[in-house]
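If you scroll down you'll find the structure; I have some questions about it.
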Amino acid sequence: MTALLELSGVQAAYGATRALHGIDFAMEENSITALLGANGAGKTTTLRAICGMVRTEGAIRFAGQPIHGRRTEHIARLGIAHVPDGRGTFLHLTTEENLRLGAYVRKDRAAVARDLERVYGYFPRLKERSHQQAGTLSGGEQQMLAVSRALMLAPKLMLLDEPSFGLAPLVVKELFGILRAINAEQHVSMLLVEQNAAMALDLADRACVIETGRVVLTGSADEMKKDDAVRRAYLGY
Amino acid sequence: MKRKLLPVAAVLAAALAFPALAQKKYDPGASDTEIKIGNTNPYSGPASAYGAIGKAINAYFRMVNERGGINGRKVNFISYDDGYSPPKTVEMVRKLVEQDEVLLLFQSLGTPSNTAIQKYMNAKKVPQLFVATGATKWNDAKSFPWTMGWQPNYQTEARIYARHILQTKPNAKIAVLYQNDDYGKDYLKGFKDGLGPQHQKMIVAEASYEVSEPTVDSQILQLKSSGADVFFNITTPKFAAQAIRAAYDTGWKPTHYLNNVSNSVGSVLKPAGLEKAVGIITSAYVKDPTDKRWANDPAMKTWREFMAKYNPDGDLSDPFNVYGYSVAATLEQVLKQCGDTLTRDNVMKQAASLKRFRIDTLLPGIAISTGPNDYAPIEAMQLERFNGHEFELFGEVISNEQ
Amino acid sequence: MEAVLFQVLAGLATGGIYASLALALVMIYQATHLVNFAQGEMAMFATYIAWSLLNAGVPYWAAFLLTVAFAFVFGVLIERIVIRPVENAPVLAVVVVFIGLLVILNSVAGWIFSYTIKSFPSPFPAALGIRYMSPHQVGALAVTLVVLALLYVFFRFTPLGLAMRAAAQNPVSSRLVGIRVGWMLALGWGLAAAVGAVAGMMVAPIVYLDPNMMSGILLYAFAAALLGGIDSPGGAVLGGLVVGVLENLLGAFVIGNELKLVVALVLITGVLLVRPSGFFGSVQVSRV
Amino acid sequence: MSKKVVTVTILLIAAACVLPFVVSNYRTFQLTLVLVYAIALLGLNILTGYNGQISLGHGAFYAIGAYTAAMLMDQAGMPYWATIPIAGAVCLLAGFLFGLPALRLEGLYLALATFALAVSMPPILKSHLLERWSGGVQGIVIVKPDPPAFLADVGIKLNPDQWLYYFALAIALVLFVIGWNLIYGRIGRALIAIRDHHTAAEAMGINTALYKSLAFGVSAMYTGIAGALGAIAVQFVAPDSFTVFLSITLLVGIVVGGLASLSGAIYGALFIQFVPNIADELSKAAPWAVFGIFLIGFVYLMPTGVAGAMRALLGRLGRGKLSPPKEALP
């Protein structure tokens, strides 16, 4: 069986500053992988590289297909939904319009309507605010909206960039619970970038640790959690 | 073309008969082979409709050159774009005078533009000849001996209408629509002067408009509600057509006087709707290329041939093309009269000694006369009334010529 | 009192002119978050195409549709060829490109079609006329309202309309949901040009067709669009009508024709100071 | 300022001083206009380039300056040199007052407000209310100044064109030095901070309202002084000289010259003075079309203006290698 996502020797740069020096990892279908590492290690850039949002070298394959060098919108159409840092909400559109945009590339209207109901099922608060301008939602609600919007694509893979950022611990807990449910029920794979390594490892099956643009460690989430040396050296808790 | 050949023959004969007298004298811009003439026109910007005049003049001199020039000299017509902006006119005119060293400036267009350069031209003693504006100030030989107009001035024309109203409708209640600039206000002043002291009583409504306004419908409604029975329409073509249509459509049926600027059948009355223009009174001095009256007129035929050959891009319905042709013919005559004395002084002298000079694109009976104290070349006009198909001249040629 | 009514009706007719171009401005703003200063000249140019078709004997509605189609393609091409290279340039550089387009179109139209005014036919039957509003003025107003309705439905209820709004607001996120942002911009230009072409063909019978037909109207349309709320098609139409009526009333009864535009502009700016989003514009709230 | 820049600047000023003796009077006159536009563009750049407030209406301040000078000379018989500071002061006030309500307007709204100002100026100048002083639609013709007598006394012979050029050059130099100090000083830093990080600037305790109105005032003052000088050089003011196209031309000037750049004002002035003439030489049929192509071409080749392109070029020459283009993180 081929991996769902496979990166080998991926390099990326913003202008003259090189952010990734060679990222190699692969993830299986229906799995959750956490990308861990310090600030500026290149986690966000890795997600951007997958989506074609930065200039990259190296090979990226999605479901066996090379996607390196393709445009962001094409990659999205393949079934990769990116929840970017800062959430990428369309602030001046309503909640429901945001969700509909998530399903923009899908033609199966009936399925979209079903998914909308399902998303509202996961996040009832969004339903209450469905006709409200998204800019008026709270931070937690906007994060839920971002996840929901990604879900509306009916993706095979979701890229989540710091979903817990700026949220109250209780909200984070709720959100992660729902992410777990989504993975279990919808069979959506997830690549998760998190500052909060403990929470990420709880959710993930596997984890990669990135340091200055390189993968320095990969392994199962459980093992990593248990390994005190790893925890101290890379995860800082 | 007899008219044109005769003076040439006369000059040639004179030159042959008295070689000793044919002493050549030149100012900058003239030589044995060439006469340099400067001009500014708005080829760009919101007033570029007038650019047609510059192009027609250029075409005319190309024709002249092809026929051998004027007294054997080719005309070098140098025309610059000033975008109807007075500072640009100043710059371009200085270029013409100081760098290109033209013999004279001809048909520089626009009242503000010519005002901006008048002092300079007179200080430099370079002719500012036959300017393309109808303001009255170009006829002031005493204060500005180097500046001369050409067309009948706006005030004279307005006075003709005023006189006609006083004669035919002494108790008229008059409404005036005018463009809010020097041209509109000059007409208005002439009109009031012509009506005399009773103008305050007779003019019951005045409304102005800016060229940037899309329509003058609101103004027409204002004028209509004043109850006026005479309408003096001082507008440029687009607004004239709108005003004619709006007056008709709102059921206002005053005696309608339309300024000469917009009396083209093809480019004003037709767009307005010919049936809506019936009864309009205006005055004219050049032939209208779109008026059926002149369809078979030999002069207009010649003009159409000229257009086809030398100005093929020009619009045959645009009266500016007849205007440019006629005024260029006037300058040709002046330069012919100059003979071999192509000095700026002599150019003004000859320009000021045209004696009932006829150009056949002018209306019958209208001739160009100037004198040392008469800097208004065309002062005669004739009233005409639109009958739904063409204009009909009526009354005498009205002249201010003393 | 009757005089007031007539001025109001005439103001509505003129306001309809402003409204139609304002709609095109709203259209392009929705799609690109820019106000295209060449919008009026593009409309003027399209109207000349219609005029040429009519002169060649094409029936009115066929010419109408052909012109709208031409304008659409023209708009798309302009975006792809002229605007695309400056996509990432500073906003003011793009504005200068708009100005460049404006002067080019104006000048080329004058060169090809000359500056003499052309009459442009009206497709509306005489029965449409009411007192003090010509059949065409009534018809044009109706067409403007139809365009408004179409735009409203398009932006509100179609996925494409939604995608266009999204692409203008947040291109990065739009790409992430699979929207081809580049095409959305081109499409926005095309649709705005098409709406502009309709405006041109409705305006030309009233003001006559000449290369400067739209240059005066642009300011009014711009003011109308902002007054109504730059992202609201309905607001643009209401704004246009208000500007038309306001100007007429000021000119006829308050300040005189000479300064009516000045006073109208001061009033509009005053309204925008108090209510920056205009009548119907969305209140731009955001949380960081 | 590095030593090299100082040397180049001094050389350029020296060249500017020699020019009137090398070129014809007509060229000198054109160069005077370039100086006039450069001052106006510097003014607009302070507002739009450095402070980020767009203005489509600076032609209005140019007009106010021009009319102030013309009316003072015509009505009050004031000497031309005395009208310059007054024109500047009037425009400083006018700009500051206009800037106060404009504080609440940004982006498109400010564009509309300033555009409206530009469109309103000709009708106001023509208005019957002002006609007695403004000359109404006819405008005002003013006398060209002669070189002052003391110059002849010390043996310097200048014709009026040359004198006016030096007069404008002196004023331009003073205004550029003031502008330099302003922009590279505390005020300039505040203006730029407001442009780039409005909220942060406010948090840092910058009185954004005051600085923004001040930017409007100073900007208008520069443009007004330019207007006054322009009126004296052209010897004529009329409403038709100050249409909305003047404002648009000024905006084109700073963008083509280079936003937020002192030297950009000079490049921009050269552009708006000479490129229309070139366009006219190339085509009588459609000069505006040629001009438009020039405009778009300049923006394509130099999206950050001539000044930006020069900076990049000098940087390249200076370091002898390609500097990587700066690409901001999204």
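The letters A, B, C and D name the chains in turn, as written, and every chain counts its residues from 1.
In the analysis below, a contact is a pair of C-beta atoms (placed from the backbone, for glycine too) under 8 Å apart; a residue touches a chain by one contact, two chains touch by 3 or more.
Keep in mind it's a predicted model, so treat the numbers as computed, not measured.
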| item | value |
| --- | --- |
| Most central chain, Cα average position | C |
| Chain separated most widely from subunit D, comparing mean CA positions | A |
| Distance from subunit B to subunit A - Cα centre to Cα centre, in angstrom | 76 |
| Centroid spacing, where centroids are CA-atom means, of subunit B and subunit C in whole angstrom | 37 |
| Subunit C-subunit D separation of Cα centroids, rounded to whole Å | 32 |
| Numbers and ranges of subunit C residues touching at least 2 other chains | 103, 107, 110-111, 172, 219, 258, 261 |
| Where subunit A touches two or more other chains at once, by residue number | 53 |
| Subunit D residues counted as touching two or more neighbouring chains | 119, 123, 126, 285-288, 291, 330 |
| Subunit D residues within the subunit C interface of the complex | 48, 54, 101, 104-105, 108-109, 111-113, 115-116, 119-120, 123-124, 126-128, 244, 248, 251-252, 254-256, 259, 285-289, 291-296, 299-300, 303-304, 330 |
| Subunit C contact footprint on subunit A (complex, rising order) | 51, 53, 71-73, 76-77, 81-82, 84, 88-93, 97, 100-102, 104-105, 133, 135-139, 142, 149, 153 |
| Residue ranges of subunit D touching subunit B (in the complex, touch as defined) | 24-27, 29-30, 33, 119, 122-123, 126, 136-139, 141, 230, 234-236, 238-241, 243, 245-246, 276-277, 279-280, 284-288, 291 |
| List of subunit B residues in touch with subunit C within their complex | 44, 46, 48-49, 51-52, 180, 207-215, 217-219, 221-222, 225, 237-238, 241-242, 249-250, 266-268, 270-272, 313-315, 317-318 |
| List of subunit B residues in touch with subunit D within their complex | 43-46, 48, 51, 54-55, 58, 79-81, 83-88, 90-91, 94-95, 98-99, 110-112, 115-116, 118-120, 180-182, 185, 210, 212, 313 |
